[in-house]
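Below are the structure tokens for one structure; questions will follow.
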Amino acid sequence: MNLLMALVIGVLYGAGTYMILRPSLVRMVMGFGLYSNATNLLLIVIGGWTAETGAPFVGDDGRGHGLMDPLPPDIILTAIVISFATGALLLTICYRVYLDHETDNPELLPVDESADLPHLMVTAQREDRAGIVADDRHA
Amino acid sequence: MMLSPTASLPTLVFIPFVGAFLALCMGRIAGHKTGYLMVLSALASFILAAMLYAGLDPAAPVVCAAEWLPGVDVNFRLRGDGFGLFFALLVSGIGTLVGIYSLSYVHLSDNRRVARYYAALIAFMGAMLGLALADDLVLLFVFWEITSITSFLLIGFWYDQEIGRKGALMALQVTVGGGLAMMAGFVVIGAITGSYSISELAADPSLREKLVAAGMLTPALLLCLGGALTKSAQMPFHFWLPKAMVAPTPVSTYLHAATMVMAGVFLVGRLLPILGDSPAWTPILTTVGLVTFFLGAYQSLREFDLKAILAYATVSTLGLLMMLYGLKAADQDVLQIWSHGAYKGTLFLVAGIVEHATHTRDLRKLGGLRKVMPITFGVCLLGAISMSGLPPFFGFLAKEAFYAQLLHGEVLHGQPVLQWTIIVLSVLANAFIFAVACKLVFGVFFGPPAEDVDAVDHHAHEAGIGLWGPAAVLGLVALGMGLAYPITSQMVNGMSSDPHAHVHVSLIPHDIGPVAMSAVTVLLGIGIYLMRRPINRLQDALAIIPPMYKFWDWLMAGITAVSVTFSRQWQNGSLRWYFSGVLLFACVLVTAALNRADFLRHDIIVKPHDLYWPAVAISGMLIFAALILVRAQVRLTAALASTAIGFLVALLFVIYRSPDILLTQLLIETVSTIFILLVLFFMPRFSRDVVAPPVRLVRLIVSILVGFTMATMVFLCTLPELRTEDNLGLGYLERSLSEGFGRNAVNVIIVDMRAIDTTGEITVLVVVGMAVFGLLRTRRHKA
Amino acid sequence: MRMLILPLLIPFFTAIVLALCNGWRRTEKFISLLSCLGLTAFVFWLLYYVDNHGIQSTAIGGWAAPYGIAFVADRLTTIMLCLSMGVGTLVLIYTFWTVTETQQKYFFYPFFQIVLLGVNWSFITGDMFNLFVGYEVMLIGSYGMMMVGASRAQVRQTMKYIAINALGATFFVAGIGLLYATVGTLNMADLSQRTALLTGDRAALVTAVSMMLMVVFAMKAGAFPVFFWLPDSYPIVPAGVIGFFAGLLTKVGVYSLLRVYLVVFRQDGHQFALQTLLILSGFTMVLGVMGAMCQWEIRKILSWHIISQVGYMVMGVGLASSSNPVVARMAIAGTIFYIVHHIVVKSSLFLIGGIAEHVVGTQELKKMGGLLDLSPVSAGMFLIAAFSLAGMPPFSGFLSKFVLIRAAVEGHNWIVLTAALVTSFLTLYSMSKIWSYAFWGHKVRETPAHSYRWLMVPTSVLVIFTVGMGLFGQPFLRLAGDAADEIMNPAAYINSVLGPVSSVDPVGAVGPMSPVSIDAPTLIAPDVGIDAAPEMLKPQASGLTTQASGLTLQAVGVMEVMP
Amino acid sequence: MIMRGVHLVIFVAIFIKALVQSNIQVAITVLSPTMRIRPGFIALPLRVKTDFEITSLANTITLTPGTIAVHVTNDRKTMVIHALDIGADPDALRKDIQSSMEDRILKWTRPASKRPPESK
Amino acid sequence: MPLIAEIMIAVCLVIGTFFTVVTGIGLLRLPDIFCRMHAAGKAGTLGVVMVIIGAIIFFAMDHPNVAFRGLLAIFFQFLTTPAATHLLARASYVREYPVSERTQVDEMRSHMPSRPDLPFGEE
Amino acid sequence: MYEMSPWFYYVCMTCLAAMIVSGVMVLYRLRIGPAASDRAIALDCLATCFMGIICILSIVWQSILFFDAVWLLTLVGFMGSAAVARYLEKGRVF
Amino acid sequence: MTPHPDGPELDSPGDKSSLPGSPGGPPGSPGELLRSPVLQTVSRAAVPVTIIVSLIIFNQGHNLPGGGFIGGVLAAAAGAMHLMAFGVEGAARWNWWKLSVLGLLISIMTGTVPFLLGEAFMNHTELHPHLPLIGSFHVPTAAFYDAGVYLIVVGMLMTIFVELGLENRE
């Protein structure tokens, strides 16, 4: 079983890698989704598996023998939520980046971050005062 | 109020720092009067040093020690021995004169700038005093670097001019670069011997034996020389000194003629008893010193800028001193330093006066000032004669002693070829110096002024006593010390770094050798002076090698070019490259670690009974779905394949009996799909992969490597032999109901046992919500 | 000690209250300041307390470790907390005059608290997975701060920053999972006592797992070759905040390297990780400074210098691989000292850079000039901070480099020593470049563009600190040395978390051993005898022998390595 | 009111029967080697009015033999359905749907007074 | 568990599985998107409902709340699956996904007045 | 826990296998499309298959813990399909 | 335009400048097509049921699968269904992120109360309140914590839904 799962996890990581290395922001986000899934599988796999293992719900006796280790699911739950939240933020930002630069190819984005660095405090304050906010989209 | 000797040591070091601080604070109001702080603090230090010298017991010098950084064996230890006090007297004495000179010399409208100038100058003096008296290598280094910093600020006095900035930067970089090596050398010494105390190291042979035993004697020497040779402007690191001449003349006089450049020499003197046993000592120092001595003098004749001439002459003398230490003739170090300080100080100050009066330093434009500036002329003569080594001046004493050392020195004994090489070159160098002295005196004060400089006729005037006074004092020292040679002899022998020094210092020769060499020197010098124009042409013809500073510039430009390439290529903004780098790094690290044990001997056998066939089927579907995603050219296909993968993973969670994450996964995948669809609306279609085939190949290789590495790790870590059964799982289960009041152990862990994890997780959620809100709202408001 | 939750609880409540006060600009600033000052006072008291009373720990929720999550405050942790809160408060004050209305409206101050929260969290937690959570909280706050204002460049660079950190998070979680599979626990103290017993294949596997985690920590620290994110993202961080980011965020990575590779991983052959770090550190130093050499913007130059400076700290961690405990101790103490120095100095440099921007309205060196005349005090502060960064005496930078170089010399690591010296030289080169272009030269304007008086207040505190730390370094060195002792001898740490008798008995094949005897092999590596360098070791030897014989558990306090 | 309840029960029963029928029919179609289908889009004039009725009808049509509801025009007078096999006469299908589905829905959704006349 | 219960459950499972398989085959075999929706919307529904009923029976004795969940699932199934089919079918028509050439009549076209103004290009 | 009849167990396992086969076919449709709606339908059917699989596994394991996933999948499948339909029809989901 | 390997691209909404602004839209406009009584009716039925079920799921979490997070996502999914049927304008009137901040406050307070009472932070226990009508029952304080989580998830997801839904809607 662990060889099988190692194979699956390897494929998922490999596929995720392939996706994040492609020149498309949406694909990148999906690649991270694959990573997240692969990691979750990895975590559940390390909990161990036998055909007889039960779910981690203890009976009235409160004993835990023969049940699945509950810690990996706990870790997964936290990790899944965090990666989901990060992914949502990343996706929103990717959308914003596309609107700004009209490309979703990260390789085509401007390299020099100072080229359109408007937040230089001085500039920003001036524009703030004037009521218009620094939007340099077509600068 | 009388200070005890122990207390006056640190006091004389700290007075200037207090003065510098005061100068900074009051400068804005006091303006040029800040200079009096310089004079006062220098004078105070001088008096204290003189008092200490008066009470000096050579066998047991005053020591002031305090714990500073006991954790790293570094202590605040000052020691007032003869050599240190000599240096302190030199520094504070010339400091007083330079302070007085500056009062008349420095005129600026910007009070703050003047204040900064004096503050740096006073702080420099303090650092030099500390350096002279420090008995701890690290403390010495601290003061050493403070002199570098203050020197940097002083050279950059004309910081609104490119040339001023460049000169300052070069001086800083070269001297600090050497200083770093020196620090490493000190650390080596301290780490191996366990002591940084100079006197202790010099006195205790067992400490030095440790260095020898560790084989670190020569490396430590080489590292330390890195500092000494750069600071003292030895070839090939001499080039910063002429460039530093952009500084105001008081600075050049004080730092770059009399004191700071002597710090390297001083250090070598301090190190001689510690590292002198190294077989590299004599060859290196003698060679470097000799070359510098000769080439400095040689180059000096080539120059026409007054300060450049003096700078190269200084370089030359510094070489001479290094050579003397190389020959282990430490007994005449004070003699040479002192005589040089006196005449070179005089000449620099005179150069400043001349520049002040004529607004030029170019010998070719100067001339005939004898009549306009008679006092200056007189003072200049004092310095120049001493420099040329004619009796009865101090310079003569020094040169005689030097020649005597060459003829009778122990180190050269029995090596006639080497000895004669050194003698010939030395005589030649001194002849050049002689010619330079002539050139100075005749070039500035005799002959007609150049036609295009009307300054000479119209504006040139005799300087005030504030300017020539200090120069005259130094010049008189050069004369007086020569005349009073018995006292001189006593003093220079008493203050030498060699406790057993007994150099014969006398105007009356007792040995024909040195006198003959002096005669040859003078004759040669006259000859060179007379032939100076053809010699200059010859020098121009011989100058094939570019000046050293160009090499330095090239070196820095080369480093910058590498840097440009590196930052463009490495930090190229390409996410693809960043990801690949991180991933490959991970693969390499993990593989390297795995290679350290032979994991292959664990049998990799698929045990069919261990496989759960639905898991096999689901895994197959999962891999298939992953391939769909990877191959998808249409965005919606990719989004749906992602969702399918999520569902399939959820199904594996069923196999692994984890209902909580099953539900979570299903919901999360659905919500993710909705997000993706929401965003896809705005995004462009997937473009065809337009990357070049090599990029594709690399991408494929990286993917396979990552997949393989992760699979290997998972496989190994879940192998029954390697996975641990002794984990926390059972403990959690058993505590779930009894202490957590819940049957769902996972949930009990989430909300109770490890609730702080969950707290972080929900914080992330909240912040993401706010961040998305902020991001989209900010831009929508702008639109 | 229940109070250990306060470094989290206070930023938490502050962030919530600030979010709810959204729109009341003055109130937000006031509350932020109040909270930061209060917490700063607390953590400094905590440092004092821990220094005098030993390691403190608390079980969150009353669940005893290793099941519950323990928060542990040893000297290293409290030092880091003091730094984060001290620098955080100063930067907060600085931002009062730099934050724009838009930035404040879109949660600048709540996010600031979240970053503080995450940083404190990462420092104080005693659980590997909780460390991950702390990282994520810190990161998410930093994402928020980085793009607050949402300019093109900010959004774009934040995207890259998030993406790279997402990669790191993947390895982090995967590494934690594999760690749990092989060692069976997540609590750092428990891990420490369990890994110390590991040998053979399992030890080698745990080493491999530790290498996977190293990617994350090295990335966070900004070490070679995974510092990609740093020079790209720091230049877009809002003014002022950059001082905090530059100082603190990478140091969380360095802290983790110290904690994880010296306390958590003690299995047979764990030095491999440290040796790897040593190799990486050389590249980090040199390449970091090489990157800075060709830059023409203050922020970029300083950002690249973070990398090279991190190289020094990583070098310290790597030098701790030495089999000579004196060297290892000096390396760790040097690293801690360096962390303190660097946080203070780098923050102050960025803050001065902000002032310079305020005065001349640009960050580009070629458009600057004459700052020495325009703003002499900030010029003076820059001079001090820059020379301190370059390791010039008498400032803190000199002392920190000195200690590390001494450790390198004593460990005979000549190559990395050379790299350190070269880096130091090139650092000076580019610092003097900034000075020469920005502070010297012709005035580019007659008067300062904006008033900057208040910005000087927090900045000067940092600058004064670096001078003080250089001149009066002994208390810091002493503290760093004691912290190093705690790290080298985790027995006290383990006892504090798990109690004198471990709640989880190391069972199975390895056989029962008491935590005390576990420490012996790492304290004195078998190949280093006391007689290897008798004189050098003399003062320490007695303390160490006491340790090795396992006579006393509370040896941390007893051991006086420094003479 | 009671009658409407009865009609609802009848409707559910008939609906279940139709559901099973439709499934079997689809199964036969899918599994038959030749797959004889005559798909088509057919417009169905509507008498149901409210959202609820329209939705009930649409869902019922979709779940029952060979038809799915594709579209409801904005005037709510017509529903377009897709049939897997429209047979020879589309009008027969239309009438069938109206009588078997629409009428029965109306019977339990509305009181008799408000009901439109049943289809012929 | 009585034999009769096992038999009933088995029958439910078999029927449910049968229709699920039919869904799969139908999805592969049917000629166009609209026809495939018939398979998905109908066979899928009945198939899964039968399986759920089987499960409800299985757990009826010990866990009555499973019946609640099962009925909830069936309710949702009847509520949502046809609606989803309906929405997708219309979207497919709007996007002009190719219709099988066997299609006899298309009365849809005339009921989509705004069709020429479709916001999407022919992609 | 009760001991289930062997034939019943085998019926369950056979059904499980058939369900998985159905899932594979559905997944294949997800692969080949061609229309986006095809894929959406396929995903919906995949969810349906999973409901079946989970039900059968619940019976085999005699565990009710996974049963919530069944009705959740109904909802989830609908959400996905509806979102895709809205996306195809209007571009925007909301 | 190069043909795709998967045939013509069938998923792209193409030129979005001419897209309808909101569901429905004036008669004759493309948006008119999109009016959907079916979706609206289904969501009228499904949304309340889902929300109730989400509360059940939330409530059962301590002993069965479920809990605040799952319940919250479920409720947010119901919200998404509502948005799909009725558009975002109504929901956009509220600042959903404030709900998540409120949730965070509740969660943290749950941990802080025992801390202020002198116990460890987040030391959960069981409460046994006695209410009229309902009688005595026991609640683990962890449930309050979970309730905070529920609100956070709803607030955060709805924020993103609404904000993304509002994008590009003049």
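The letters A, B, C, D, E, F and G name the chains in turn, as written, and every chain counts its residues from 1.
Keep this in mind: a contact is a pair of C-beta atoms (placed from the backbone, for glycine too) under 8 Å apart; a residue touches a chain by one contact, two chains touch by 3 or more.
On a predicted model such as this, the values are computed, not experimentally measured, just so you know.
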Labels of chains that are neighbours to chain B and to chain C: A, G
Selected pair, greater C-beta contact count between E-G and B-F: B-F
Cα-centroid distance, chain D relative to chain E, in whole angstrom: 16
Rounded Å distance between chain C and chain E, as computed from the means of their C-alpha atoms: 57
Length of the line joining the C-alpha centres of chain B and chain E, rounded to whole Å: 78
Mean-CA-position distance for chain C and chain A (Å): 25
In chain F, residues with contacts to at least two other chains: 23-24, 33, 35-36, 40, 42, 65-66, 68, 71-72, 75-76, 78-79, 82-84, 86-89, 91-94
Per-residue overlap in chain A, given as positions that touch at least 2 other chains: 20, 25, 28, 42, 46, 54-55, 57, 71-72, 77-78, 81-82, 85-89, 92-96, 106, 109-110, 113, 133-135
Sequence positions of chain G contacting 2 or more other chains: 6, 9-13, 16, 19-20, 32-33, 36, 38-39, 42, 46, 53, 57, 63-66, 69, 74, 77, 80, 97, 101, 104, 108, 111, 121-122, 124, 156, 160-161, 163-165, 167
Which chain pairs touch, all of them: A-B, A-C, A-F, A-G, B-C, B-F, B-G, C-G, D-E, D-G, E-F, E-G, F-G
Touching residues on chain E, where the partner in the complex is chain G: 72, 75-76, 79-80, 83, 86-87, 90, 94-95, 97, 112-114, 117-121, 123
Complex interface listing, chain G residues touching chain C: 97-98, 101, 104-105, 108, 111-112, 115, 118-124
Chain F to chain E touching residues, read off their complex: 2, 4-5, 7-8, 11-12, 14-15, 18-19, 21-26, 28-29, 35-38, 40-42, 44-45, 48-49, 51-52, 55-56, 58-59, 64, 67-68, 70-71, 74-75, 77-78, 81-82, 84-86, 88-89, 91
Residues of chain B touching chain C in the complex: 67-74, 110, 112-113, 116, 138, 141-142, 145-146, 148-149, 152, 156, 159-160, 165, 168-169, 172-173, 176-177, 180-181, 183-184, 187-188, 190-191, 194, 210, 556, 559-560, 562-564, 566-567, 570-571, 573, 575, 577-579, 581-583, 585-586, 589-590, 592-594, 596-597, 599, 602, 710, 713-714, 716-718, 721-728, 731-732, 735, 739, 752-757, 760-761, 763-764, 767-768, 770-771, 773-775, 777-779
Residue numbers on chain G that touch chain B, as the complex places them: 2, 4-6, 9-13, 16, 57, 61-70, 73-74, 76-77, 80, 95-97, 100-101, 103-104, 107-108, 111, 121-122, 124, 126, 140, 142, 145-146, 148-149, 152-153, 155-157, 159-161, 163-168
